[in-house]
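Okay, got some structures for you below.
Across the two complexes that follow, chain A remains constant while its partner is chain B and subsequently chain C.
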Partner chain A sequence: MKESKISKIWRKLNGPQELGHGPIFWSLFGCFAVVLLGYSLVGSVFSLSNLAIFFAYVPMGLGLGLLWGYGGVLSFGQAAFFGIAGYVYGIVAGNLMGTPGGTLLAAVCGIGGTMVVAAAFGYFVFYGQVSGWIIPLLTLVLSLIIETFMGQTAGYQWRLGRVLFGGYNGMTNIPSLSLGGVEFTGATVAFYVLVIAVTLAVYLGLRLLVNSRYGHAVAAVREDAERTRMLGYNVDFIQVQVFTLAAGLAGLSGVLYVSWGNYMNPSSMGMVAATLPVIWTAVGGRNSLLAVLLSTVALRWLADALAVRGGEYAFLILGALLLATMLFFPAGIVVSVARRWRDGKRRDSKIPPAPLQETNQTRGVS
Partner chain B sequence: MSLAYLVSLLYQYADNVAFLLLAAVGLMIILGVIDVINLAHGELIMMGAYITTLTYNHAHLPLPVCMILSVIGVGLFGMFLERTVIRRFYNDKLGALVATWGIGLILSQGTLLLLGPSMQSVPHPEWTVSYGGYSFGGYRLLLFAIAIFVVIAAWWFFYNTRLGVQTRATMQNAKMAQSLGVDTRRIYLLTFAGGSALAGLTGALYAPTTTIVPLMGTTFVDVAFITVVVGGGANPILGALTSSALLSVISAGLSSVLGTFIGRIGLLIAALVVIRFLPQGFSGYLRDIKRRRMARASE
Partner chain C sequence: MATERESDSRAFLQVENLTKSFGGIRAVDHVNLNLSKGELRCLIGPNGAGKSTLFSLLSGLQKPEAGRILFKGEDITSLPPFRRVQKGVCQKFQTTRIYRGLTLSQNLLIARRVHDGIENGRLNWALKTLGLDGQPERLAGELPHSHQQWLEICMALATEPDLLLLDEPTAGMTPEETALTAEFAIQLNAQGMTILVVEHDMGFVRQIARFVTVLHYGRIFAEGTLEEIESNQNVRRIYLGEQ
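After this line comes the complex of A and B, so read on.
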């Protein structure tokens, strides 16, 4: 009997590679989505705008969750790819100002451009089959170099068409995304709805991806790259693909960010910015997309709340949070709590617990 | 092209080699022996620079004494880090990376909060040597001499002392070394402290030449990381030497013609090309050659 398409998708959505199954989870998830979208009807423009920018970073975080938690590759490059997409979008959209559909083309160029850079970078790193610590180092250097480059582009000679790069002052007056007469600028309900819809779509899409055959191959590479290679998978190519996809998701965040604030500056790719996605992913729990989603929004909110009460402490607290998580909850706070809750439930139902599906990483074997 | 011009090129080259060697050698020794990347390395360098600056400006000690205090202070701090944090991550490389990154963040932001965004720096020793119309900074030449001395001293330590031999045994096969009575935990502790002390030395030596700011570690780590990646961890000393010798050609050449920034890009591209063909870096490649030769000899 052939399985219907819908039940196949449903089965994949509930696959073993992600936390949260069953009717209770999905009704909660549905409520969460409805509340978020419904909030656009009642929330003030200010709070909608704030919440929208917290969610705009989620694709970047999810990209790293996919790359690090599922693919086993740690990268500090998400900020660089975020920035490249933002700048490319700014250049294209600024030059096509007034052209219908220009901003949409700009978004495609931004995300596409950043993916091309990522693929080229990934080719060298992954086809060289380097050891795991090299990729975080080189992606960090990439972020720092691009930041330095954009930082020294002050002055009138640094421009493309009619768009000035602006050095450390940043690129300004970048047009927002617009589609069919609706402009998705920061303080609008339209932007909020767009961001929530995109975020949820990215989450569900990645959930399908990690539970597909391909997703299992990605996880297999994380567990044992050599064995996966022997089974006939093109490990290098899979890693380049996942790296590029993660970069594209960071680019999506970059485009949303630029559309929100009409502004981009080099510090969004600096040392501190490069850290943030790693903190979100590590603190939430890299082995679950949902955990990354929640912790991204929560930590953006925390950083924002701390910045209001004297921003100097924000990064100190984030650094301490990162260190504490790595020491006491190596699998991430959300994931640890979820696992404990699941195990507690099993004990109640008096069924002997199945061996925990822990990965090599959580066991600490590399 | 006059002889004086060649000498000035050589001077720039030596200056670059010294910077790369000093920035990377501590990191590389830790990687080679413990197999852990310390992302807080830049912040340890920053810490060395701060100890020198503070003791020089407030306690009015002679500069060399301040620098020695930096080495000791950062070394002890490294020991503390190893005992409290690094030790837990010996089986989890990426975890160690992330945890040390958190430490780096705490150190740089904590310094910013405690001591403010900048501070009065140590006066730059104004020794100059002139030759054929060019004048060269004597302090830079001294840095080069110290860098070479550090490498020779490290080599001597690894090959001519009891502790050095034990360290190399631990590097090659930690379990085997343990069963032969080597206390590998102590080796790891001392190695991490030694690598940190070298970071402190680098910070102390470069304190008179740069502005002292909490994020100053960043200017060291990007070149240090590239040097480590190109050199590889298989043999820290050989790796540091070959990699900084090659990278300085690129960096000094490109920087003097096209500017510092292009020099940096050149370094990154060089690193990408090198790891595409030699994923273990130079020292890994040299080790493979040696192993192949030994295998052939034993046939």
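After this line comes the complex of A and C, so read on.
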């Protein structure tokens, strides 16, 4: 009997490559979504705007979770792709200001442009058989080079059409996304709802992806690339695809960010910005999308709260948190807690072992 | 007609003057090897004879300096490994290479060639024969060593190969497990699968082989039936350790 499309989707949503299965999890997830969306009816514009920007970084974090946790490739390049998308969006949207659909085209160009850059970069890295340890360095250098380049673009000679690049002062007055007469500026309920909807859609979409046959192939490349080649997979192509998809998700975050703040500057691609997604992913647990989602929002909130109170200490505390996580919860806090809960449940009911297990290949940087 | 079929089968795998060096050492030295369709051939030789390097050249993990490989009449020498698998060549590695952190069913899902709704009957038979059909959710890394070896063979079969390269498939197995593997290989071959086996265990070779190739210092040293090889004084001296 052929499986129906709905049951196929349901099976993949509940696949073994991600935490959280069964009616209790999905009830809680549904409540979480309803509370988040319902908050738009009662929250102040200020709090909605703050919460929206925390969630706007989630696609970038999830992209790194996919690339690092599932694909085994650690990258500091998410910040570069975030910035490229933001700048490209700013240039296109600024030049098409007043044109119907201009910001939508700008968003497509921003995300598409960053994916093209990522695909070209990934082609040379992965088809060039660059070793696993060099990739983090190369991607960090990519972020820093683009930051440095954009930093020296002050002056009227650095412009495209009527948009000034702005050097370290940044690109300003970038129009917000506008769809169907609704403008998604940072301080609106519409932007909050858009960001929450996009975040949940990206999470569920990636959940389907990692539990598909393709998602298993991505994990297979992480576990043993040579074995995977010998099962008929074009490993280099898969790595380029995943790298490009992760970059596209960082680009999505970049577009949401500029739409929120109408501003982009080179520090979004600097050393700190390049490191933050790695911290979000590692602290929550890179082997789970849910863990990355939760830790991205929590750590964005923590950084914001610390910045308000202690300024420069925020990054020191985040760094200390990363070190503590690596020492005491190498698999990430959320993933470790989930495993302990699952193992306890298994002891009680003798459930066979679930597959989300740290192995020699997945421990540390793969 | 018979001549045509003979020529077809002779062309199944042709290795011509294949050569590979590492530094100053020539691991594979102008090797010529022909394999017929449906053949079960054993490749033996002392340590360092170049057996595993020859397998790496056949599967595409290493590139030869000279020579060529024809598979079903097509030159596959320059094809990358994944293209060779798609053409029908699949290898089981010398050291077991499975996805230890994933379950048995996930390992097979990754390995399986996709045909919508079509069952891979040979794979199902192999899983049943080797006792791997009853534990799909078990972590592959938790399986006993012999089951891990068998799982890797099943993963290779899941790619639906025409030529199966088995590099020491019984390493670390008990005599009973070796006997089961031998019986399995014979049955698989009887179903039409062409198999090339590298093996040190002469007991296993005696159980399965009809034709044996001996490699020594990267060259083909001798070829013949099992009886011919076992009675060859030179082979006995270099490989079987007799004076």
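FYI, the second predicted complex is superposed on the first by the 350 of 366 C-alpha atoms of A that agree within 3 Å, B and C clash if a C-alpha of one lies under 4 Å from a C-alpha of the other, contacts with A are read in each partner's own complex, and residues count from 1 in each chain.
Going forward, contacts are C-beta pairs under 8 Å (C-beta built on N, C-alpha and C of every residue); 3 or more make two chains touch, one makes a residue touch a chain.
Computed from a predicted structure; not experimentally measured.
The partner of chain A that touches more of its residues, comparing chain B with chain C, is B.
Contacts of A:V125 after superposition on the shared chain: chain B is touched, whereas chain C is not.
By the touch criterion stated above, A:L322 is placed in contact with chain B alone, chain C being left untouched.
When the shared chain is aligned, no partner comes close enough to touch A:G98: not chain B, not chain C.
In the superposition on chain A, A:A220 makes contact with chain C only, not with chain B.
In the superposed model, A:G181 makes contact with neither chain B nor chain C.
Overlap of the chain B and chain C interfaces on chain A: residues 361.
Across the interface of their complex, chain B is touched by residues 68, 74, 121, 124-125, 127-134, 136-138, 140-142, 144-145, 148-149, 152, 271-272, 275, 278, 282, 312-313, 315-316, 318-323, 326-327, 330, 361, 364-366 of chain A.
Looking at the complex, you find that chain A touches chain C at residues 2, 16, 213, 216-217, 219-220, 223-224, 226-235, 352-353, 355, 357-362. Looking at the complex, you find that chain B touches chain A at residues 31, 37, 39, 85, 88-89, 91-95, 97-99, 101-106, 109-110, 112-113, 215, 218, 221-222, 225-226, 228-229, 261, 264-265, 268, 271-273, 275-277, 279-280. Against chain A, the residues of chain C that register as touching in their complex are 59, 61, 80-82, 85-86, 90-91, 93, 97-103, 106, 109-111, 113-114, 117, 137-139, 141-142, 155, 158-159.
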